[in-house]
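Below is one structure, written out as structure tokens; the observations come after it.
The chains carry the letters A, B, C and D, assigned in the order they are written, with residues numbered from 1 in each.
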Amino acid sequence: MKVHEYQAKELFARYGIPVPPGTVVATAAEAEAAAARVGKPVVVKAQVLVGGRGKAGGVKIAKTPAEAREKAAAILGMDIKGETVKKVLVTEAVDIAREIYVAVVMDRRAQKPLVMASAEGGVEIEVTAKENPSAIQRVWIDPLYGMHPFQSRQLATALAGDAELAKPMADIIQKLYRLYDEVDASLAEINPLVVTPDRRVLALDAKLNFDDNALERHPDFETLRDLDAEDPGEVRARAEGLSFVRLSGNVGCVVNGAGLAMATMDLVKFYGGQPANFLDIGGSSRPEKVIAALSIILQDTSVKSILFNIFGGITRCDDVARGLVTAFDQMNLKLPVVVRLTGTNEDEAREILRAVPAIHPAETMDEAVKKAIALAA
Amino acid sequence: MLIDRNTRLVVQGITGRDGSFHAAQMAAYGTQIVAGVTPGKGGTKFENTVPIFDSVHDAVDATGANTSVIYVRAPFAADAICEAADAGVRLVVCITEGVPVRDMLRVVPFLKERSTRLVGPNCPGMIAPNARVKVGILPASIVKPGSVGVVSRSGTLTYEVVYQLTRAGMGQSTCLGIGGDPVIGTNFIDALRLFQADEETEAVVLIGEIGGSDEEEAAAFITEKVTKPVVAFIAGQTAPPGKRMGHAGAIVTGGSGTAADKMAAFAAAGIPVAKIPSEITGLVAAAAPALKRG
Amino acid sequence: MKVHEYQAKELFARYGIPVPPGTVVATAAEAEAAAARVGKPVVVKAQVLVGGRGKAGGVKIAKTPAEAREKAAAILGMDIKGETVKKVLVTEAVDIAREIYVAVVMDRRAQKPLVMASAEGGVEIEVTAKENPSAIQRVWIDPLYGMHPFQSRQLATALAGDAELAKPMADIIQKLYRLYDEVDASLAEINPLVVTPDRRVLALDAKLNFDDNALERHPDFETLRDLDAEDPGEVRARAEGLSFVRLSGNVGCVVNGAGLAMATMDLVKFYGGQPANFLDIGGSSRPEKVIAALSIILQDTSVKSILFNIFGGITRCDDVARGLVTAFDQMNLKLPVVVRLTGTNEDEAREILRAVPAIHPAETMDEAVKKAIALAA
Amino acid sequence: MLIDRNTRLVVQGITGRDGSFHAAQMAAYGTQIVAGVTPGKGGTKFENTVPIFDSVHDAVDATGANTSVIYVRAPFAADAICEAADAGVRLVVCITEGVPVRDMLRVVPFLKERSTRLVGPNCPGMIAPNARVKVGILPASIVKPGSVGVVSRSGTLTYEVVYQLTRAGMGQSTCLGIGGDPVIGTNFIDALRLFQADEETEAVVLIGEIGGSDEEEAAAFITEKVTKPVVAFIAGQTAPPGKRMGHAGAIVTGGSGTAADKMAAFAAAGIPVAKIPSEITGLVAAAAPALKRG
């Protein structure tokens, strides 16, 4: 789960990581009031979960409250990579002497958290990482011990350039790791961590992703989830226990299992079609789940055919087929549906599906995909 | 490989919905289930035959169980894995989905200290058709004895590929689902090392997914250490981007973890890559012309 | 640092370990009011830091508030092993079906925390430990992992006798370990942990010792320290950075280093004398420390002679001797003092000490001790 | 033993009051101090000669330091020990008093993983008069080259005993203060194993204290593994009881940890026990009649 910059900064502040004062607002008028309270030039920053908002014009400096109102009005409602800006963060404009990069992330290869830092922080960090990898310091953390203070000191000494700045930087790095660990984050990133001309050290931006599997033990974080920023279909799918991602094609896909779902989409593309979505209905094919899946897909009017690819596994396919027939009956489907059901008793299953005229049974994935593409055309 | 006729299985969470269902399935296939564990239900029996214990320690002491399979709920799965390792079980297969990464980071060193192998979590487990043993949830109906090893990060996609192999007359030595979580006990390289050493296995099918860099590392490992033919398939060529973790993900792996990257890594290592699942059997036949089929 | 039962129970409650409701009071009238609020029979329990209060009559049941007043009046002011009872805990009298013992303690041999539990809890636990050691379950904890839930389940299953009780017991054991770990305890003990006839599980007593070295990171615990329950000399010594324990003899001892201080006391006893105290003045022999040490010792009117045994180590003995002379001058000492100073320049040191008539210099520990005993006689 | 002419010492906390004082003392005795560490003071020099670094890693990289001695404040001592071990130092001597037990419990496995030996914390360190090397705070003025090994949990009591040995003409091979805290890096058994293997050592004096069961275990170890003569002394025969930890302390050790218990354990193992410190030299002379004296 991703959270907004302002939410991440609230957590940062709770852990003692210094952030510039700021207020999140939803209207231009509120932005003006917030800027007036700051009493100094402010930055108005779009709160979106996608990256690249700066280049998209979602971050603007305002010297006066009136200007803040103007900039906020321009940014609110803006579309950034498909996400509509609903909130902006109005925060003190801080003078920057240096920009530093610090992140804690799970390194799958090492099977350990990795703390990365670079004295060359800022928007070009990925370029730096590619062209000058030695400019990125890396320290792996043994999760049994946590980050040793000597490790954060080492990083900070390399970043700071002088002893006086190394101390607050080590402190921030240590706290960032502790936050990452305690809140079950999968990413905690500060880019940039700035040094001001008067030698303060501040987190100017904040990025925080949580391990979805661990949200159960942080029930309060559920309130941080921004349902507005997400696709309504994805929100509803999560509520129904499905996994759904909207795409731009016309072949709706309902598959059990994420790998098989991806392989099915790949196959649609391979045979010249365009998948309308990724949808994993998980381990069960009960009629209610099928109905939920279908109604989510049918929200998308560009869908012209629906493809079921269900590997029955241990469940008997004839049982699954009966469930599908029930679901289709209740939905009163208008679109053509191709169903490929594999596993135990698959022949009986195909027989059962023939009873519903809208259903086109198929024996293999390839056959099913080709049929669905043809029916969508 | 890993499981055989000497496998003495303890089922953790045997009285749960999934545990009881799959215990019955595994037993029906021929797996020796010697014990079940459900805290508080010690002293009762599963299906009137398999003794249930309060702890894995009790189960191991009483039955000599050497392998465990876990069907407990996600918040308790990491503890169940550690319990099995602490009780001296040599192989633990964790089916449970949704185990927090932070829990797994502590499980891995705990198991290493005890030389216990973990498969999973969030995986379908494994099945060895020649020995008629399965530990996990892979459907027995789709496999067939033979000499192709299958290793995969996926669930049902594995079934699909295994089913196609079976239909093409290519039986399997062992089918192994390693799970797709960020921290897993057995990765592609571990599995490839086992298949390379396994006398029953003549060729290997590797099924990868987008994300991480396990496939790229597997490709490098195959070049160096695997002499048996390997055929690869990667799911997720059309997956939307944006599941990336800020800048950090790309910086860590040094690559983007896309299907194209992974397919290129295999191709560069001279490993045949199927563009679609139905190409796999043909590539196996070409790569291992001597493979017994039936 | 030891804390009282009522303080330990407050911490237990904060960690979710069930304790019977209770109030700590300092007067009999308050005890009556507290018992009235409970509205059931109560137990009145002396709050002292020493053990064995039950056998000393410091724990009494009261059926009515009036009786609680009476019992509290009897217990308050009582002397238990040298400690005067200043407070009593008035707590609901709980019916007991079974008494269980649970403790977390540092096992020096294993260099790990050890959780011990026995189904045969209660006052006779030490007898059980000696005569039937197998009745005590032991589980060692790897501090890097903390207590695994499977470990607390194992203990609880062995203790509980039935599955229904095992769950709350495992929960209590798990919480007790977490408390032990997080508060830097050196001992966390529940004896007895009781099962009531209606199958509740409750901590009826609570013992908690803290690692003194870790108090710096728990500044709030300093308020738990009961200065009243301690010897005033020990309290003052701690404030001065000295380590002091009052004994019953007549030879006051001032030594640098705990091991040498114990060996000096042993030697006093060996030669037929009685040490009046243990006093370690630590690494420095500055005049102010010596003055503090002397004034603490002189509170005890049974002291008849004072023995200094200082191993100069790296500090030059002549410097130490000059410091001692300054201190003795300021104190205007009436008692005979034997000083043994060893290390670099010890001969010069003895020369300096001869200037003060009350000082009897000695060359060896044995000589010094014998002189001090003779002077005390 | 442990330290010799090849000891290249880094002093952690070299700019502090204790660190600077004892660094000068150690250097004056002949110890090779190659580096100091104080975070933030990297690039400066101690007494215009010894380079100071920001981290032990930097110090080891630049100077090849192989031994470290720690004089930092108690809240930072555990981290300093881990830093030294992580930097590859083989022997770490921690003088600092007051390190929380919980910190030490995490230091011990960290050092074990890296095969680094720790002496201390809360100890005077060690001195090897034959090589004229000292690491710690033992006063050089009281020692003398020779062949008696001394190991002790105490500070000044050790000085007292060493001084008496020196006065009696019995020089020392190594004097080692292991510290009296509940969790220490090197215990009596470790020290006895080292003395037994040390060619310079002909006899050992062991100075124990009340509390714990280290002395009892040492007695058992001597019976089994130590062929060189050992003489013991235990301080605290008159110590008041009541420093015990509830019931639990006695239950853990199975004994009371009194001086009488410990003396009885040595006596039962046939090890001479001095009743008072001034008996020690006589017992050593009797136990090791061939000991060189001068």
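The definition used in the following text is that a contact is a pair of C-beta atoms (placed from the backbone, for glycine too) under 8 Å apart; a residue touches a chain by one contact, two chains touch by 3 or more.
Given the structure is predicted, the values throughout are model-derived calculations rather than measurements.
When the C-beta contacts at A-D and at A-B are tallied, the pair with the greater total is A-B.
If you average the Cα atoms of chain A and of chain D, the two centres end up 55 Å apart. Rounded to whole angstrom, the centroid-to-centroid distance between chain C and chain D, based on C-alpha atoms, equals 28 Å.
The distance from the centre of chain B to the centre of chain D, with each centre set as the mean of the Cα atoms, comes to 51 Å. In chain B, the residues that reach two or more other chains under the touch definition are 106. Across the assembly, chain C contributes residues 144-145 that each touch 2 or more other chains. Taken chain by chain, the contacts fit none of the simple shapes, being neither an open path, a ring, a star, nor a full set of pairwise contacts.
Pairs of chains meeting the touch criterion: A-B, A-C, A-D, B-C, C-D. Within the complex formed with chain D, the residues of chain A that make contact are 145, 148-150, 153-154, 157, 163-164, 166-167.
Chain A contributes residues 144-145 to its touches with chain C in the complex. Residues 50-51, 81, 101, 103, 105-109, 111-114, 116, 125-126, 129, 133, 136, 142-144, 181, 184, 186-187, 189, 191, 207, 209, 211, 213-214, 216-217, 245, 247, 255-260, 262-263, 265-270, 275, 278, 311-314, 342-344, 364-366 of chain C touch chain D in their complex.
Interface of chain B with chain C (complex): residues 39-42, 54-57, 76, 79-80, 82-83, 86, 106, 110.
Against chain A, the residues of chain B that register as touching in their complex are 21-22, 25, 74-75, 98-103, 105-106, 108-109, 137, 139, 141-142, 152-160, 163, 180, 182-183, 207, 209-210, 212-214, 217, 233, 235-240, 242, 245-254, 259, 275-278.
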